[in-house]
Amino acid sequence: MTKIAILGATGYTALELMKLLLRHPNAEIVALTSRENTQPVDLVHPSLTGQLSLNLENLAAEEVARRADCVFSCLPHTATATVAPTLLAGDAKVIDFGADYRLHSAAVFQKWYGVEHPDAGQLGKVPYGLPELFRQEIRGASLVANPGCYSTSAILPLSPLVKLGLIEPTDIIIDSKSGISGAGRKPSLKNLYPECNESISAYGVGTHRHVPEIEQVVETISGQSIQIIFAPHLTPMDRGILTTAYSRMKKNGLTQENVLDALRSFYQDEPFIKIVETLPSTKDVTHSNRCHITARVVGDRVLTISVIDNLIKGASGAAVQNFNILYDYPETTALI
Amino acid sequence: MTKIAILGATGYTALELMKLLLRHPNAEIVALTSRENTQPVDLVHPSLTGQLSLNLENLAAEEVARRADCVFSCLPHTATATVAPTLLAGDAKVIDFGADYRLHSAAVFQKWYGVEHPDAGQLGKVPYGLPELFRQEIRGASLVANPGCYSTSAILPLSPLVKLGLIEPTDIIIDSKSGISGAGRKPSLKNLYPECNESISAYGVGTHRHVPEIEQVVETISGQSIQIIFAPHLTPMDRGILTTAYSRMKKNGLTQENVLDALRSFYQDEPFIKIVETLPSTKDVTHSNRCHITARVVGDRVLTISVIDNLIKGASGAAVQNFNILYDYPETTALI
Amino acid sequence: MTKIAILGATGYTALELMKLLLRHPNAEIVALTSRENTQPVDLVHPSLTGQLSLNLENLAAEEVARRADCVFSCLPHTATATVAPTLLAGDAKVIDFGADYRLHSAAVFQKWYGVEHPDAGQLGKVPYGLPELFRQEIRGASLVANPGCYSTSAILPLSPLVKLGLIEPTDIIIDSKSGISGAGRKPSLKNLYPECNESISAYGVGTHRHVPEIEQVVETISGQSIQIIFAPHLTPMDRGILTTAYSRMKKNGLTQENVLDALRSFYQDEPFIKIVETLPSTKDVTHSNRCHITARVVGDRVLTISVIDNLIKGASGAAVQNFNILYDYPETTALI
Amino acid sequence: MTKIAILGATGYTALELMKLLLRHPNAEIVALTSRENTQPVDLVHPSLTGQLSLNLENLAAEEVARRADCVFSCLPHTATATVAPTLLAGDAKVIDFGADYRLHSAAVFQKWYGVEHPDAGQLGKVPYGLPELFRQEIRGASLVANPGCYSTSAILPLSPLVKLGLIEPTDIIIDSKSGISGAGRKPSLKNLYPECNESISAYGVGTHRHVPEIEQVVETISGQSIQIIFAPHLTPMDRGILTTAYSRMKKNGLTQENVLDALRSFYQDEPFIKIVETLPSTKDVTHSNRCHITARVVGDRVLTISVIDNLIKGASGAAVQNFNILYDYPETTALI
């Protein structure tokens, strides 16, 4: 039984994580932290009523490491990097939901996040927690950088196509549509029900922090220099991301079947990646750890359409998948 | 042209009010107040882009009275009662969206609102702004207490039936379902999109402040002592209230047609009240000032089902209707 | 490993059932039937992609019984009662999602369903599949009548209170609010997105077929004659039922804490029934087999508010719970 | 007073049209047709209760022309072209909501719509009813081709930029997100509430019929050959279209302010086109005839983001705008 602590347990990704771990035969949740809230967790998350009898606690990192074997951190950026060294020193493994260890360059981190990185020495040494692409690196690690939700939805369809030389690496447009849970659980005018409901809007056009992450990972996988345009959109639904990516074919004559075959072959052994022929809906994958991908060819353009649940494959499901790899449990445990 | 000021112009009812008044041939909006926000109004309400070029201002009541003939107050409770004497002294008429002047008793106000009434001397002298029941009192008034949204949805079907002796006045259960805009535009965890969406919940069961208001008005209309049980529910939609009221027939043998006929006859000259035979949906009336009402008889129970738009007939539309009466404009101006 | 067939596998309850059974270590789905559709099941339900490789088939009851140990029937009313004798003769056990075996009287069935019962001889002999109330009867049965969704949401809070003599059995008003999935997956104007969305409406007021079912079950449990008024409402959300029941206390002085204690004590050993103090939301229980119940006392009225997922505790989860009992698997298998 | 007939009055665009015309001081609705439905219109559209007392009728074109001065046709494609000659011969003016007279080439029509055009002789002679671009052609016409909803959302931002030489005409990607009302009111599995709700999906990628329409109109306006990639998406909301268009700048160094200025200048006198600086939401324009447009420059890409209400500016509002032009009423009548 692996003992689990969750840092920052009041939000939506922490809730999904707890639900998944409650189904995991080898995981026992032993500590939940919050800086402001010390209520029983089922008052904060009523859907855990009768499922988990723990209070939120404001715990020091040392104490967390003492209690837990594995720490999932749902803290805001830089907060994990501040406590991770202590946790690792205390022999805990750490899976970070945030962006602290995703980027390899401290300068790039500072440019996009506007603050100095608190643990810059580790950058570039931490595996990016997308098992479909970095399973070997994750195995044996003690710290994993769980991917961003948009990043996962874009990297999964694009990486193989760039790597296999099917599409131009510098002419990629990514138009993503996400449910509102992606914006977190902190009250703000922008996320009020009557503001979001019955409305769709773009935000962070060209400035969203997942841009350098997507570019870095696709570059790593393909060995090519990548340039993307990324426009995320807030969609009136709780959860789900649909990413429509528009790229240009590298050789004339590529067909839809060619692209689908390339994707099928690349992901043939992956339990959570499904290449489909019909155009997917986010509802096909919400509440699951799957990513459904299809492709279309229109003129000389290759379109990929991919769907994930932003809270599962885009966050907590991926984290559990990483956990399973770290601890050598069957990778699909608690995820199917 | 009547000059209009709106106090507390950042919220949803104020927005609806502005949209209605922009269509009113005899109204000119000249001032919008906010204590915290001094932006152009179309930055606060983007749907007013190009429709209204005014900045929000933090104005003293004297200045408001100087600029405007008629003041619509969307301020929180007790705030209107604090400024109303000054506004009236400055020769402005006042239509209060809040609860300050609805109840006739300072003690009842204090019991339900938990604070002393700042202008208790006026209680009982201010007409309740439901024109279908108090048109004569409203005409000629200088201060009007616009009704609560739930109150309107319940009072309209119940008042005639109690008054006509068709139902027992002390065995009335009111189960209301409201869209989320009724909770206002102030950020709170409770009103976040992912909290409200795909979920319905009860709140304020037995303790909602519209209870004494409904009881007082139905008592006034019927001359009988009223007792209600009221349970409001938060429904995942922007706007609309559906109220299902369960009462007991007073004489045996009452039929559905009897009840519908009584309602039809009572409201026959009312432009905004429609007695319908099929079960109504809130969508039948959203974005309108209408109230649709039907009735059913099951055993010895009389059920009424009524729908309004909480922001229009439940707030801003009623306010414009009152405005039209106060200034002798045709009552349906800007409302059809 | 118990072999499972599902009759009428194209709808929403069948989909939820398959998702639950795919997690069940002792269940293997071996046949899915449809009269009109012979596609692979994951084309009909894309969320099963890669999870279940079966085609829908138009199978005779004999063949179903040959292949399966246990048959879940999601067929429309009377259809199950037409094939059940054959299935049982073929040594299959049957769990009926429909109403065919819920009522004990053929006359009552005919009155509410408008058709003669095809297997009237069995009525009254089939256990009502609400394990919290009829666990002993279910154990050892070969045919189980899975409860209606509204029925479950109303029977669970009301039965103990009537049985314990806390509330009057003939003055009960049940106001239920259900998500749209309850209306099934057959295209109709009424269930189109733009008709239902952003709107709430009542339907079947006083005429809904769950009325005799609720009355019969509460009568059976309490030994008292029951009379209810039932008004269901269509709520703009996929799933979930919230039922607000208004009854009258039988003895003066009953408190909220008395009612909550009675409920807690009655359901103390039940893994899926949680008595809560705060007012519940349907979101607290969607995607789970739980029912959360609370109570309020207002004047001499006792209100209970209960929430379930209409597709899980109101249908497929209850069916799996019954399956677990029938086959002596731990009752919570695949449900937590 | 201009007498109005509406053909195919049971759908959503017809409903919005009626609501707008009921506010129009110079329009009187005199006939509503349906082939299958002869009910009072307020039974088909309950939101018209008490607003319009007309029955739907199955009328021959001759009779329609006899009764009405102006005919709005909401019929499916080819149906309008079948009756238009008769209507015009009867001295009625015709505004077609459908695609029959939008394209200039019978061959292109046949390619995209799969049927021969019934009135091919008229193609190329009928003005495209987007007043911002074709006001002069519309004035004086007797037949107008009201634009497609997606087309309007894409043509308005793109036409000026192509015409002014700011963007490459053959590298344009249009990613549109539409509310479900765009799919019409005919029951189908695809449009059921539980299928659409809480889900976003792409459809008609590369094959949607608005492609040739957008290309033709932008070509007409700019005199350049246009090539677009178009991917529409079904978004879980009633109404609204947000179109994100990605194009490549023609000259280096173009800034966001350059693009916004070009758009502001192009549309400076247009009452319904608003160039905004912040990223718009569809909610900013729903229930209005406005189009809000903004632009962003990311690298060498120019992005435009535009929002309309698909039922108003994308259909019925545009039709009323055309009506006002045809009959020389102030163009904003009934639209503000």
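By letter and in written order, the chains are A, B, C and D; residue numbering begins at 1 in each of them.
Heads up, the rule we're going with is that a residue touches a chain if its C-beta (ideal position, glycine included) is under 8 Å from a C-beta of that chain, and two chains touch if they have at least 3 such contacts.
Please read all numbers here as calculations on a predicted model, not as lab measurements.
At the far end from subunit D, in terms of centres built from Cα atoms, lies C. Here A-D and A-B were compared by C-beta pairs in contact; the pair with more is A-D.
Subunit A and subunit D, compared by their mean Cα positions, are separated by 39 Å. Rounded to whole angstrom units, the spacing between the C-alpha centres of subunit A and subunit B is 46. Taken residue by residue, subunit B touches two or more other chains at 179, 195, 197-198, 236-238, 280-281, 283, 286, whereas all remaining positions touch fewer.
On the subunit A side of its complex with subunit C, the touching residues are 22-23, 43, 46-47, 49-51, 198, 271, 274, 276, 278, 280-281, 283-285, 287-288, 290, 292, 336. For subunit C in complex with subunit D, the residues that touch the partner chain are 12, 179-181, 185, 187-189, 191-198, 236-238.
Of all residues in subunit D, only 173, 175, 177, 179, 195, 197-203, 205-206, 227, 229, 231, 233, 235-240, 242, 244, 246, 279-283, 286, 296, 298-299, 301, 303, 305 touch subunit A in the complex they form.
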